[in-house]
Each structure stands twice: as structure tokens, then as C-alpha cells.
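I'd like to ask some things about the structure below.
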Amino acid sequence: MAQPLRIGMIGYGFMGRAHSNGYNRVKDFFDLEYLPVLQAVAARDPAKAQAFADRWGYKRVETDWRKLVASDDIDAIDICTPNNLHAEIAIEAARHGKAILCEKPLSMDAAEGEKMCAAVEKAGVANMVWYNYRRIPAVTFAKNIIDSGKLGRIFHYRAEFLQDWTISADLPQGGAALWRLDAAAAGSGVTGDLLAHCIDTALWLNGAVSDVTAMTETFVKERKHQLTGKVEPVTIDDACSFLCHFKNGSLGLFESTRYARGHKALYTFEINGENMSLKWDLSDLHRLQVFDYNDAGPMRGWKSIHVTDSDHPYMDKWWVPGLAIGYEHSFVHQVADFLECYAKKQPAHPTFRDALETQKVCDAVLSSAKSHQWVGVE
Amino acid sequence: MAQPLRIGMIGYGFMGRAHSNGYNRVKDFFDLEYLPVLQAVAARDPAKAQAFADRWGYKRVETDWRKLVASDDIDAIDICTPNNLHAEIAIEAARHGKAILCEKPLSMDAAEGEKMCAAVEKAGVANMVWYNYRRIPAVTFAKNIIDSGKLGRIFHYRAEFLQDWTISADLPQGGAALWRLDAAAAGSGVTGDLLAHCIDTALWLNGAVSDVTAMTETFVKERKHQLTGKVEPVTIDDACSFLCHFKNGSLGLFESTRYARGHKALYTFEINGENMSLKWDLSDLHRLQVFDYNDAGPMRGWKSIHVTDSDHPYMDKWWVPGLAIGYEHSFVHQVADFLECYAKKQPAHPTFRDALETQKVCDAVLSSAKSHQWVGVE
Amino acid sequence: MAQPLRIGMIGYGFMGRAHSNGYNRVKDFFDLEYLPVLQAVAARDPAKAQAFADRWGYKRVETDWRKLVASDDIDAIDICTPNNLHAEIAIEAARHGKAILCEKPLSMDAAEGEKMCAAVEKAGVANMVWYNYRRIPAVTFAKNIIDSGKLGRIFHYRAEFLQDWTISADLPQGGAALWRLDAAAAGSGVTGDLLAHCIDTALWLNGAVSDVTAMTETFVKERKHQLTGKVEPVTIDDACSFLCHFKNGSLGLFESTRYARGHKALYTFEINGENMSLKWDLSDLHRLQVFDYNDAGPMRGWKSIHVTDSDHPYMDKWWVPGLAIGYEHSFVHQVADFLECYAKKQPAHPTFRDALETQKVCDAVLSSAKSHQWVGVE
Amino acid sequence: MAQPLRIGMIGYGFMGRAHSNGYNRVKDFFDLEYLPVLQAVAARDPAKAQAFADRWGYKRVETDWRKLVASDDIDAIDICTPNNLHAEIAIEAARHGKAILCEKPLSMDAAEGEKMCAAVEKAGVANMVWYNYRRIPAVTFAKNIIDSGKLGRIFHYRAEFLQDWTISADLPQGGAALWRLDAAAAGSGVTGDLLAHCIDTALWLNGAVSDVTAMTETFVKERKHQLTGKVEPVTIDDACSFLCHFKNGSLGLFESTRYARGHKALYTFEINGENMSLKWDLSDLHRLQVFDYNDAGPMRGWKSIHVTDSDHPYMDKWWVPGLAIGYEHSFVHQVADFLECYAKKQPAHPTFRDALETQKVCDAVLSSAKSHQWVGVE
């Protein structure tokens, strides 16, 4: 009989839904020692909190997150707020000895992230950041292949995250659904929102980054602010790209934007090794492209592996070979892995400290974009 | 407050899981007047039934399906047994006034299917067959485009369903997981299992079929039978293809097999109209390919529509544009549509009678393969 | 120093251009004992013949093909006329001891083809039919792989040739550029024009066909005839598909049409073997798709081989790895192979007799479509 | 009757072949006032020069390029030497009043290129640089679409040119076929060889670049030199990437390398405009990908245009719709365009001065890579 891990969720937006779905589904597909119980959700607006609780099955609601993190009936806090609240909540939750699952990016900047790490490490609480793309089976499979050493010396890593949803100048900034356009709430624009995903995967697959040269742009300079009703300068980055050196000697190239017409969520990465190269693309997330130089000469080519077979990561839990799962399953996998680590008292990656590394690269990128200089990663 | 529709599930295999998942998830994403309650599951083996019930949240178990269909606490029977039990269960369930959701194919043959239709129609009970691919958003979108008349006169329809899981001669036939290889349990091989899906979609998208010429093959002639332990002749069709005329004057070409090395579940269809053509492929189920002759001459081409936007069928219920859902969501959609029709006392398609049309084509196909003659569809 | 093979070309249409280009280019890329000399072109219209000769470098023109085939300054006759003239010209050319390169299909039917074979074999002259797709490097590469035995037992072969250029009912039939729509000149519609290509490749790759069941259709029943100026019944087949058994026990499925909106020249084939499957597509002719079951389990997938490397067939003659050649190069390759065989006094395939096998399948297909019966291939 | 333009070719390597093929084929497909005559080829090794002349039909050979450029029987000089000879030859040829077709990149650096421009402009001779990718039909088509204004405001331009042929540390540098690895002969590594193509296309499609930040790398530090026989430091760049601002306000991202395992010649570009985006890829050079935001909402997607129709650039000269041409045809097109401009006494683009702009960007890129600073483009 599984033991309960009572979840206290803070926030009810897109990520609140994605995490709740992860909690609700995990028991139907995974055999685990701990299972999540949706104990309570906290949000300032009680009606919205209640509607969310009804939908997903949370037992009760809170309108003050401080009460939630202090509450005895909660084992783990899930932080799904805008970025500017992550640190305060996490530090307070750690103080109350709660396990913490924090939406990415970890923090507004590395300094803040460092405090969060210190807090959870001092409290000795389980902690994890929701860089969910690590748990797309094709991405996990890429990690396994890389770890096997099959790629040989790495020469190149490139990634991009392209969207197009903010092209219209009529789109307002700030407020409920649009806090990602407000630097005060989000810390940065695409850097923390999109590039952070690319960087997390890159550090995981290819190791640490040494230094970067970056460029940011804000294409639409002013937008009406939803909260003030006034036209105000836009202070986030609409686009951000950078070049870098990895510590393993390979070269990196990263791009993110919300102005790439035709791309809703095109997150791609490619890694080129001496003996093998790998490519992946969120638009067709169930496929991994592999080029193997060890194939016989004329038989070489890019292979599209349909990562839906029972010997692919996580896929034995789902349906039958050939049948794809989707975006949301990455959260189910992350819940399952977290619970398994929780039972074993092992860290579930990416931990806060893992995610801090991504934050440091983001900081260097934003700093370089401002200074027009190469900037070392701490 | 939603009203309960108490489900009695019979069977606990692959489809039992897929349907149960559909029931369990629908409330988190759809707003419905009725919501499913997993009341009981019936299976001969009580331990397996209990394990399944525990996993998915069924309140109780039965070992005799006759008790289940007669039980007062059940509103709807879901039939997930091997094909040879569909008719008997459905007729008995109808007699008890239960709504019926029957796994495809409807029946062992059209004659049996006709009896099932008569039974549900006489009893006036809601009835539906789980041809789930209609509810893949890209397929539903194809249907909407076709219904708009944009394709003009139709010339061609082609579909194939290719698998490769029975190539090994060491694979046994019959028994629990392998009843699909046993004609006594399945009625036919790929015809009822795979072609039936292709035919259901075709009839839905392109209307009725007039006549067929078909070919079947059994590549591996003998296999050990799991139940008897003896090597026995294989009596199912391993591969089946046919040519046909549709009543709208277009030509059809269909193929199915479990011997197409490299394809786990490649269900594709293409329809060619005077002004537009459409293509779809289960391997990349979130995409619809469209060629529009009305585009300006040099700008014509095959467009790959990523069917993940909020104005695509069902997609407003899920995540944000660009993020794919998977195979299992087709069942959630079918549950949602069934419940909505149930509330409105409208038929949910495909009804038993819709599915009977597919059965008639399957019968004609198998008859033609045996007689080596063109055979009219009743 | 290479010896000349003096070519007498009959016809100056699309194929006249493609062959002439083959002759003109071969010396720049291949080292051969014989090289073609464009000696003369014959066509009824002297002005058009002269214009063609000027363009391509033919030394002189004839308006009567009989004079050309009798002429002492000609070593080889290239037949690029409509199909209804192939036999008469070939038989007469053989009588004069000329080598013969005949455009496909060989003949109007197998009976006529048989006479052509008898004539060239009696005369002992070199003979070849222009089934050029065999010499697309990716197709030749497929042949090499199949001949290596890597595929194991073959289960399935499927091919289609889809076009869309005759959908408009306003298109006339017959006359210069449109003789392919006139059964009197072409013998058949898509069967001889498109299916013949599919069949030639299939026989080459997968061996002989035993029997067929076929379906043809003429979608537009009447068209204005270019020569008579009157609206006349269309007597060609607009679409033709068939199922068949190959003698090796595998199943075949073929389709051809000029009514598949969106496809200009989509010739595809796929062959499924026990251990390997191959796919090819004329729209991306420089790629071969390969699925190799011998790859390690989770690493299996469809590999897209860019057939442009120096160890791929013919490619060492052209540019550098990665740079594609096109459709026309298949004719250059066929010229080169013909000349090499000519020097060695070996048959250049497909010979007339090879092509007669394709003709027999075409005859069986058309016969089956008429009789609505399975028809054996002679 | 066409007039002759007598070509004097210098060099006989890969590009010598590609240009010669362009000259030899143009008359078979284009109607032009001037036609090329292959008058002479110059190369130091007389045997190799003669073999080349025999192959391609040059009437005579020279072993001293100075004689060739001074010769009365030559109208135009084609420079296919290593880069370090471009300037000297071009300036001398201009002095003799010859038209000049110079292989790319124009020069070793912008200063040298400026002298070349001055020389041809002072002499008033026709001049052109072989940035052949502009004349791939899909690329020309992209240019036409962009010029139509359909893209609206441009936000992003990205391009990469990825190869993998120098990964082996055993590959020597310098000498005949490997001068591209020798900085003394080539000026730079991938920057002048690959990036120059990307930059030429970018400037043509998206206008001038303001400033850049760049990174280069030499992965294999020492290689045996073919000429000296000694292991020597490698002084070229193996990889080079850069970020930039275009003067139209859009952001650029460029990468080139010879260490991207799996890519033989993957030149891709993508341009994102407010209303439309375009993508192209040399590996499938006959396709242009287009996303049109003006399509009806749910019908939006990336369209793959098979640029083989008669209303696509250059394609009416070749075969029939659907049949692809290849890499080499870009040179035929460039010859045809040059000859047409020559007849009209108009500049044929890219002229030396056009190509000088690319050189300036290359200089800025290499300077930035060295200084680790953003560098303005002159």
C-alpha cells in the first residue's frame, strides 16, 4: 500500500494544470511507494482557487500561501507562481521542512537562486525544479546514448526555442495570463522562459558552459500594461541568442525568440560528436534523429527513431509500440521520478542546485547582452 | 453538479486500460453534464480483476459478466473482451437496458452485428463502438475540411495499416495476450483488427463502398497454440489488401499487414479531391498534410499543419499551441463526446449501426479473398 | 581514343530531349570505349527536326524514319516516338542491323513486344529499353542491397505513381504533346505510361509476378480531340491499380493515376523483408529510406540515406559528397551503361526481353480490369 | 545565330569542372545571344591541363595564366584557382580588358577585394563572382517572394553550413585537393569557404549587416602538410559562428563548421517575417518551406513547395513538373544569366562589388573572433 505525499499547490495557471495532471495520472501507470494526494491549492482569488480545486480534486483551498506552507497537512509544496515569488515561497517552505517542487526557472537571478539552494540544503528537504523536457522519452534516450560514450569527442551543441505568439503589437503586457511579458514578474523575457529550457538540457547532456557572448532584442518597444491600463515600455527581451564555449571544448549556439513566425513551440537541439550526432525537436517530440558514423559507409544516414517502443525510456508504462504519448507525459514522468527518489531519500534531478547552474548561464547571457562583452560563467 | 454514469467494464486488457484512462481523465479537461464513475470491472480471474480495479479505481469486481450486465448499480457496459464475446454480451446488456460502449470491431461478422443492432435499437439504449481514431484531432479536422466541400469531386482514397509484430515464427497464437492471432476469438486477423479502422475512417470521410476485390495471406502457416500447447494451423489472415469503388465514384485502395518490417503502427490515409488533397499518418498523429489547389500557382505545396492550435478540434481543452497530445487522448475525446450525446439523448457516432457498415465491408473483403471474385457490399 | 557510336534519333519530344542530353553529357563524366555521336534526327516536320538538331547538335535531319534506319552512317537507332510506332521501327532497324534504344513501354502489347524481341534476337543487335529509373543512384543502391540478401524473406512490395495533370476536363486529348491521352497512339493510359515504370522496377527488385486483380477508371469520359477537333470518348485509363502475388511469395499492391491532386510525379516504392525494409520516392530521388532490424533494439528506426556519397552508385562520377544530382542523370547513367555493355558485347538491361515481362504484366492488368477476374501472367 | 564568348579557364579542380559543365550545357536549354566557347584552359601542369581540356572540350592549354589573360583569342577569364591568386589574376585580366568570372570568395580579405573592384570598374569589364546558390530555383524563388514584400517586417535570419569531412586528424593539410585547409592559400577556413555562401545569400535576401560578434575554433591543432611533408600547426578556422544585427533591424545567427558529423553539405537558411517565414536546405535543394500567416487560422502550417513547376524560376527550361534538377544546374543558370547581362551590357550579380560586401562581413567576423569584441561592418 502506497504512502501519501500530500501536495500543496501554489498557483493555478498553465503549469498548475500540467503538474496537477502529473499528480493525478501517475498512479494509473507507475508502481510507487509514495503517491501524491492533492491536499490543498493556494491562490489569492478564492473563487478561482475553488474552481481549480474542484476540477483537479484538491481537498481544500487557501488564499494565503504562507498558511499553506506552514500547514501540518502538507508534505510538499509545488510552486507555480510567477517567477518573482519563487524565492520567498521556497525559502519559507524549506523553513517549514516541506519538500519543494519549483516551476522553472528557479529564480529571478543566480543570487536569489543561491539563497534558495542554501535554504533547502540547510533544511535538508527534497527539492526539484520542473525542467520537464528532460523526461520526454526521446530526450531521456538521448541522455542515455550520450552517457554510453558513443558520441566520442563532442564538437558542437546547438539549440533553439522559437515561438511566435507576441508578434502582434496589440498584445498587452503583464497581469494574470501575461505576466511572462512583465520583467517585474518574470525577471526576463525569453531568456528565463525559453532559453532556460535549452540551457538546462544542454548542461545535462553536454556539461558546463565557460563563457558566452549574447544579443537580446525587444522588437515591440511599448505595450499597454494590463494592470495599470497605460502604455508602458516593454522591459523584457523578446529574443535572445548567444554563442558559448562548453568546458568539454565544444562550441555552443543558442537562440530563443517569440517572433519566429510559424513556430509555436519549436524547441530543438543537436549535438555533434566525433562518432555520432543526435537531434531532437519538440514539434515531433516522439522522435530522435541519430547519425551513426559506425554504420557501414554507404549505409550511413540520419535515422528517425520513433521513441515509442517498450525498450525506450518510460514507454513500457504506457501503451503498445508505435503509439505516441505527448507533452504532458513529461510531467507524469517527473512526478514518478520525484516520488521514487523521495522514497529512496535520493536527490531528484534537476535539484535546485542543478537549476542554479542554468540560472548562472542566464545571468551571464543577460550580462553579455548588456555589456556587449564575452562574459564568463561564474 | 455533474450526474454519474456508472460504468461496468468487461475485460482488462490493452483496451480496458485505454478506456479506463479515458474515463478517469475526462473530468479534468471537459465540462460535462454526466461524468463516468468506475463502478465495477468483470473478469474471470478475480485476482486480475481486483488488481485492475485497484489500479484504475473501480469500486468492485465481478467474475461473471452476466451478473455485471444485470446489476442495478451499472448504467453503461463497456465491452473490452475478445471479439467472439461482443454479441452475446451486448445483446444481454441491451436486454437489461444498459448503455453500451463496445470495442471494435463490432462483431465476428455482419450477421452477428445485425443482431446486435437490432437488440440495442429495440431496447432503445445508447450505443457506440470504439473506433477511436475518428477523435484524433487531425482526423476530426480532416472530416471538418471534407464536410466543408473544399475538396470538390473525390477521385481517390487510400489507406494502409502496417505493423510488424508477428514476423517471428516463434510467436505463439491464442490465449490471453495473443487472442488476436486466434480466428476463433478474433473472427479474422488483420481484417478485423487493422483494416476495420481504415474502413471506419474511410466510410466516415468518403461515404459508402460498392464492391471490392481482395487478397489475404497467412505467411506463417503454423504456430504453437498457447492454450492447447500444440502446433496448430494459423487460420487468421496475416495480411489483407483490397481495391474498391466508393459510391461517390472514387477509387479505393486498402492494405493491412503485420509483416511490414519497420512499421509498428503505421495507419495512414490520403484522399485526393479535385481541389484539395489530405493525408494523415498515425506515426505523427498531430499533423495533417494538406495540398490546396486554390493556392496561387507557384505557391502550391503540401502543407504540414501541426494540429495543436486552440482552433483545432478538441485542442482548446488541453495545453497551449504547439504542444502535442498523444494516442490515448482519442479515447478521452470519445468519452467526452459520448457523455455529451448521452446527456442530449442523441446518438454518439459511430453507433452500432455505423459500425455494422464497416463489418459489411470486412465481410465482402474476406469473401472476395476466398472466392477470388469482386464482391458487392450488401 | 574512344570510338564513335553514331546515333539516329527518331522523335524530338520530351524523351528526345532527355536522351539527347544523356548522349551529350556522358563524355564529360564517364570514361568509355565508345562515345555517342549525334548523327541524325528524324521527324516528319522538317523545320521542327532542324530546330531540334540545331539545339542538340545532330549533324543532319531526316523526315522519313525508314531512311534513317537504313542509313549507313547510323550505328544505333533511338526510338522516341509515340508507342504505336515502336514495333514497326524497331523491327525495321533490327533488319538493318542497328543497335536499338527504345523508349518505354516496349510496345502496345505483349504480342507486339514478342515480335520485337524476336527481331532483335534474330538480328543479334544490341537492344535496350529506357526504363531510366533503374539508374537513379538511390534505386540502383536499393537493388544492390536487395541482391546482397540483407532483406531476408520478402513479404510485401508496394508502388504508386501519382500525377495530377489531367484533372481539368478542358484538357484536350491526342495530337503532338498529348498523344499520351490517345489510346490509338499510346496503347493505354496510365498503365503503359506510369505503371510500366513501377512494374519494371518491381520485377527487377522483387522478381516475377504470378497473377493480378486490377481496376481501371476513366474519370473524364469525353474530351475534345486535338486532331479531329471533335469531342470524342476518352478510351485510355486515367487510373489503374492492382493487387498481385509475386512468385517469391510476397504480396504486391500497385497504383497509378493522373488524378491525385498535389502529386506531379510521385513515384514511390517500398519493399518489406524479414530483416530490412526499403523505401524510395521520386520527389526526393536522392534519398533511400532503410529500416534495419539488425540494429540494436532501441536504436531501430527509418534511416534516410542521402545517396550522394562517393561510395554510392554512379556518384563518384559527379561532384562531391552531399551535392545532389537530378532526374536527367538517370539517362546519362543509362547511356554510360549501354555503351559499356556495347563495348563488351554484353546485354544492357533492361533488354527488349526484360521489358517484355513488364508488358505481360500490363496486359494481365488491363485484361483483369476488363474481365473483373484474377488473371495469370502468362 | 549566337555570338561566341571565348572562355579562358584558370584552374581545373572541382570548380573548374562545375563551371565547364555550366558552359557546355547552357546552349541545350537556354536561348541566348552569346554562347560560351571553351577556348583554353591554363594550369601549371601541362598533362593535367591537357587531360582537362580533352575532357571538357577546351581547344588549347596554357601553363602560364599570364599568357592566357593576355591572349587575343580570349574574351572572358574564369578564375578557379585557390583564393590567394584571385586578386592578381583578376587585376591583370581587367588590365587586358577581359570579362571576369571569379570563383568565390572574391579575395583573401576586403582590402584585396577593394583593389579588384577598382580594377574591373576602371577597366569597365563585365565581372561576376560565382555565388552559385543564388541560382538554385528554390533560392531564387525565395528572393522573389521576399521582394514582393509578403514577409512584412523581418525579425530573424539564420543560416548554417555544416560539413563533416575534416574530422579525422589523419587528414593532411595543403596541396592540390586540400588547399582549402591551408590558410596561406585559402585565407581562412570555413569562414571564406562556407560562411561566405551564407553571407552572400543573406545580404541578397535580407540586406546589409551592421555588426557582429563571432567565435572560431580549430579543433585539430596540427596536421601533416602535403607540400612540406611535416606536421605543422593548422591555421585555418575549423568552425566559425556569429551573431549579428542587420540594418533592417532583424537579428542574424550564422554557423559553419567541418565538424558536424552527419552533414556533408547542409546549407540551410530561414527568414522570419511578420507575415511569412521561409526555409531552405541544400540537402533537399528543390524544396522551399513557406509558412504564411495569411492562411486561415486552422489551415496554417509549413508548406513544402516542390520547386519544379514551370512557373518556378528557371524550371521552364528543364523537364516537366515534378522532376528535380540538381546542384550543378545552379552554375548553368549563372552562365545563362551572365551571358544575358553581357549581351545587354548590364551588370551580372553578384558583381565584384556585391561580393566585396560579403568579404567585409567575413573580415568583421574574423576580427571579432580574434578580438572577442563586437565589430562593426565597415
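Order as written gives the chain letters A, B, C and D; numbering starts at 1 within each chain.
Note that in this section a contact is a pair of C-beta atoms (placed from the backbone, for glycine too) under 8 Å apart; a residue touches a chain by one contact, two chains touch by 3 or more.
Predicted model only: the values in this text are computed from it and were never measured.
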For the chain pairs A-B and A-C, which is connected through the larger number of C-beta pairs in contact?
-> A-B
Taking each chain's centre as the mean of its C-alpha atoms, give the chain farthest from subunit D.
-> B
So, in whole Å, the Cα centroid of subunit A is separated from that of subunit C by 55
In angstrom, rounded to a whole number, how far apart do the mean CA points of subunit B and subunit C lie?
-> 42
Between subunit A and subunit B, what is the separation of their C-alpha centroids in Å?
-> 36
Among the residues of subunit A, which ones contact at least 2 other chains?
-> 263, 300, 302, 306, 309
Looking only at which chains touch which, which shape fits best: line, ring, star, complete or other?
-> complete
Using the touch definition up top, name the residues of subunit D that touch subunit B in the complex.
-> 141, 288, 290, 292, 295, 297-306, 309, 311-312
Across the complex, what residues on subunit B touch subunit A?
-> 14, 17-18, 20-21, 24-25, 27-28, 55-56, 163, 165, 263-266, 282-286, 306, 308-309, 318-329
Interfacial residue positions of subunit A with respect to subunit D in the complex = 155-156, 158, 162, 164, 167, 213-215, 217, 219, 239, 241-243, 245, 249, 251, 253, 255, 257, 259-263, 272-277, 291, 293, 300, 302, 372-374
